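In what follows, subunit A forms one complex with subunit B and a second complex with subunit C.
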Partner chain A sequence: MSSTALHAQGLTKEYRVVDVVRLLERLRGRGRGSPVRTRIRALDGIDLRIERGEVVGLVGSNGAGKSTLLRVLAGLSSPTDGALEVNGRVTAILEITTGLVPEHTGRDNVRYVGRLYGMSARELAEKQEAILDFSGLGAFADLPVRAYSAGMKARLAFSIVTSVDPDILLIDEALSVGDAGFALQSRQRMHELCAHGATVVVVSHNLAAIRELCNRVLWLEAGRVARDGDPAEVTEAYRAVAHERAQEELRRRFAGRDRAAAAHGSVVRALRAVDAGGIPSHLFRLEEPLVLEADLELSERAPEGLDGVLELVRFDGVRVARLVEPRLAAPGGRSTLRIDLGPVRLGRFTYEARLALVDGGGREHGSARAVFAVEDHAHSYNASYYQPLVWRAEGT
Partner chain B sequence: MSDPVIAARDVRKVYPVFRTPVDLARRHAPERGNAVVALDGVSLDVHEGEVVGIVGRNGAGKSTLLRILAGISPPTDGVVLTNGTVHALLDIGAGYNVFLTGRRNAQQRLALLGVPRREIPDLVDEVAAFAELEDVLDHPLRTYSTGMRMRLAFAVATARRPDVLLIDEVLAVGDEFFADKSFLRIQELASSGRATVVASHDRAQTFRLCSRIVWLEDGRVRAEGRPEEVLHTYVAHLHAFEVTGRVRVLEVELVDADGQPVTEVRSGGTVSMRVRYEAARDEPPIAVIAEWHHAQTGEAVLSAWSGDNAFVAPAGVGRGSIEIEYPSLPLGAGEYDFIVTLADAAQGAFPLELYDMWGPYTGRPTRVRVVGDGDGGLLALPATWSVRAA
Partner chain C sequence: MSAIRSGPAGVSRGFLLLTQVRHEAQLKYIGSVAGLYWTILNPIIQVGAYVFVVTVVFDAPLTATEGGRLDYAVFVLAGMSTWLAMQDGLISSAGSFVRHSEIVRNVVFPLELLPIAAVIVSLLSLAVSLTALVVIDIAGGRDLVPSVLSFPLVLAVQLVFTIGVGLALAVMTTFVRDLLYLLPVLFQVLTLFTPIFYSIDALPGSLQTIARLNPIYQLVDSYQRIFFEGTWPSWGGLAYAAIVSVALFVAGRAMFRALKGYAEALV
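Then we have the complex of A and B:
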């Protein structure tokens, strides 16, 4: 057999979309000039050679063509143009319930789907118990799949597909179904498959996982290969672009949520999160300096020595911090307040900051809000805060 | 108390098993070994304003219970009474037509959900805006990526507030930022409606969202109560199967900057965990997972795997110690549990087998009080304030 597992040349997938409303208008002799048919190019001339034993990660923003490429490689969707050569047995996990028959029991589905994926009867007889065992379905193995929860279906499908000894394995993310225990099991199984010399193409949004698992990464951008090569380099380059894009996206999404309320003769005119360069930002990388900047306007009627109260509320309503600066030395008229929060170490979530000026009696004299999000790709565990730690060991 | 919005009494669900054609003629009963009991006498009252979380492992009966509450599947025995319109988000992706446009699919689904015709156009615009699909709404669904389909389905399913909302596994969808947004939406729906029942594997989110937790195991209610009452025994149960004890943690002590043991820590102070362990045989290098959980909510406020800092404790037989220093503890005032887990470093950040775990779930003393000024929230963050005239 040749050493190339997959070889694609000029792979193109085009969807033709007919706008029925416009078509009807056109038939009635109206709406001339507006196009009835549009084309959406999901893949745009992809040249790709994947050697045997390579573990390739696909990254790219939503709608870049990752899923389409996997579907075409799996033979589930035919390319509009281009050539594809596949050497070996291809197995794909693209949708959770791939091929499961709801009326059959879990046990029968193992046989049925196993055959579908090209396992021999003898292979199946040997592996059936191991597959059911790995899926952890217990007594449910003898029930029809329609009685299963989504998590149980995912466990069954995953167990079958990864038992096939595939030459080429195609995996679309969405594997995060099932309880924590199974998520760990499936991660271990992926590692084993990759270590045993299968050719793997995997799509994921989890860049840390891609980096750990793969020895080559492809970055897709609007249906083309934007970059191809070393996992660390490509994921880093992609991350930089994805950051900019997310920043733009969040700016759009949070527009209108940054707002101010005036009261009692003093005003917080605006609050915004700004980056190291003083530029308003909605997305911060871990360890990037975070400053909240507020425009104040205190009238003559404003009482002396207002306290500044800053609250940070996480998206799920948990108040992560409340900071009070007693007797803010704000001059009359317009001024700018800077609250320097140092390097961002908050968990990777969305936050709303709310600044209020409060007098001794607890009465508010104006407030403003700003929204920002934190991203992090460096840590394995989610936490509310990432404190840098010092680890030490004394030997045995 | 007022009448419950949902009342389920002694609900049993038995699925018959058909292995051979002869089974069609047989009587099916669990004691004969040809039927599986998915729910075994579950009673549940959900009252006005409650958000109830159903937790438990895969196969515990969570989905079966939701299907029965939703009226999708009839109980074998028992009674379910519901008072008001019930809307179930059980399989949000089901029933979409890939050849129709996103708009057409949304219209159809909304009509199916009982939205009056004249309200649909406005609601579709809202759905598109929430799902961030305005630009592609008139393209057929087959051109959508997986993430786009999920966002559309989620936005449609949560567009209208029913009296009783049942949710299975869809607390959050999409990329990380959309996940925040979708969780927020579920939270709004849950808090504004008459009653909500949620079944999810995301423990942290379920426990935060719900006012009452029902823990199912093997089709029965194992425990029930406020989240903080159920949390520790539940988490202990989830972890129970994993500990091998090949390396044992002898003791974990909190010490201050001078190395003196402490039982109380100050916000912003320096504190170290000192872990003494013993390996009976020659074991590979050890990785450590160090966590601080909020005692009331169970939230992992601090959580770190030593591998992220390329740290492993040396291999070998005998005793050793590991020290983990928090140079400035960022926790707000309150009670916490610290948890230290040792595992074979080669198993990565999410080990299947643990050597040992020192935590409230394994019966070791871990409670610690953090003292600080006033009610500051979850974290104590340093900040510098300055004002200058514009």
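Then we have the complex of A and C:
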């Protein structure tokens, strides 16, 4: 047997999509000019050689062609052009609950789905109990699958499908099924499969999991291989570009959203989030230093010692923090206020920061808002971590 | 280019087919109260309805059989048994890709087994009506031997025909779902135009020729001869049906191979 498990040359997949509504309009003599048929090139000449035993991760934005490539490699979908050579028994895990029959019990489903995925009667007899045991269904194994929760179905299906001993295993986003406990279990199962010498191709948006699991990563972009190589290098390059794109997208979406309001002659002219380098940013990674910068213009008549009130409001309306700096020390006239929040410890979400200057009587003397988002969550942190903050204003 | 969907390498196709046939049969009968009884009741109800309409409502002369009402019922049942099996097999294989869309989309599985399993399951109802026929025949003192020896040949032709057309229908349905609604209506009309509850001699000359061109009629005729008249089938007619069936099978298989690659994106 050759040492190459998968060998693709110029693999191309084009979907032709017919807009039936437009087609009918066209037949009735209306809707001229608008195209009835659209071609979507999901894979654009992919050259790829995967050796036996390699564990390859596929990363890329939505619509980059990851799933299509997996389907074509699995033989589920025929390529429009190009050649594909497959050496070995292929198992594909694409949609996790595939093939489960709701009327049958979990036990019967193990038998049926196991056979579908190519297990022999003997293999099944040997593995059935181990599969049910791994799924952790307990007494539910003898109830119809109809009665299962979505998580239980996913666990059963995952247990069955990963019990096949394939030469080549293709997995699409199946790393995160079930509850936290099962997710850990399934991660271990994945490691076992990889350690068994199977050739694995796995698609995931979980870059940490990809880095941990794979010894090679492909980055797909618009149906082509943008980069191919060391997991740490490729995922980092991909993350950087994805981050840049998300940043751009947020800038577009929140343009004009950072605004200021004046009252009683005092103004917070602008509020913005800036990164460690002092560059305005809308997107922060967890633990990345975040500074809020405000341009102030205090009237001479402003009462001595306005309080600074900073509110952080999540976009779903939940106020995660209200932080007050009494008698904010700021010179009259124009100044820049820097509020250092330290490393960002907020859950992955979009936030609006609102800074207001308030006098002793509770009257607002000007306010401004800024929007920023936090990505790459590991844990959700409580805003109380921010105490105490360092507030410092300098004349400009 | 590798063979697309050659199926999992670990097990034989026969094993997969068996698995799928069992599954398909269970799906078909699992949810209904009477389960298997429907298979028995369906031909009885259909045949009973035709016998009632023809002999009681229209009070037509029974030219097909020249015998009594029971004779006529046997005649109708003989033709109807193969007809219902084919109709059932074709409609259920036409829907097989849609019904098992999860397999089509996600499992590396030899897809032709889906319509083939559907056709094989439809033979269950044929077995039931044939058992009834043979019992009535023997009770009525008909001689089935030796003509019944030709039955495996007739059944083979019928299977080649049904599987060939079923393969084509399975992939066509993924493109045009309307077939699922069209087919039952089409079969209803075809039931009337195929000499099943009347003799072909009742048709005017020109229509007789057209009716004979229908390979399904040749199969119906063979069943009528074997299980009603107790004679050998018309060899010429059967040979014609065999040739047409093989041609349809080759064409259906070619169509299946050409189009199955698209099914995954459509179901």
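FYI, the second predicted complex is superposed on the first by the 289 of 396 C-alpha atoms of A that agree within 3 Å, B and C clash if a C-alpha of one lies under 4 Å from a C-alpha of the other, contacts with A are read in each partner's own complex, and residues count from 1 in each chain.
Here is the rule we use: contacts are C-beta pairs under 8 Å (C-beta built on N, C-alpha and C of every residue); 3 or more make two chains touch, one makes a residue touch a chain.
Computed from a prediction, not measured in an experiment: that's the story for all the values here.
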Subunit B versus subunit C as contact partner of A:Glu85, first or second or both or neither: second
First, second, both or neither for A:Ala226, with subunit B first and subunit C second: neither
Of subunit C and subunit B, partner touching more subunit A residues: B
Subunit B versus subunit C as contact partner of A:Lys66, first or second or both or neither: first
First, second, both or neither for A:Glu103, with subunit B first and subunit C second: second
Touched partner set for A:Ala147, first subunit B, second subunit C, both or neither: first
First, second, both or neither for A:Arg115, with subunit B first and subunit C second: second
Touched partner set for A:Trp391, first subunit B, second subunit C, both or neither: first
Contacts of A:Tyr15 with subunit B and subunit C, given as first, second, both or neither: both
Overlap of subunit C and subunit B interfaces on subunit A (superposed complexes): 15
Residue ranges of subunit C touching subunit A (in the complex, touch as defined): 1-11, 15-16, 19, 23, 26-27, 30-31, 102-103, 105-109, 261, 264-265
Contacting residues of subunit A [partner subunit B, same complex]: 15, 17, 19, 40, 42, 62-64, 66-68, 105, 136-140, 142-144, 147-152, 155, 172-174, 177-185, 187-188, 191, 205, 212, 246, 249-250, 253, 295-296, 308, 310-312, 315-325, 328-331, 333-342, 345-346, 348-350, 373, 375, 378-396
Interfacial residue positions of subunit B with respect to subunit A in the complex: 15, 17-19, 36, 38, 57-59, 62-64, 91, 132, 138-140, 142-148, 168-169, 175-177, 180-181, 183-184, 187, 201, 203, 205, 208-209, 238, 241, 279, 288-291, 299-309, 311-330, 332, 347-352, 374-390
List of subunit A residues in touch with subunit C within their complex: 15, 71, 74-79, 83-86, 88-92, 94-95, 98-99, 101, 103-104, 112, 115-121, 123, 164
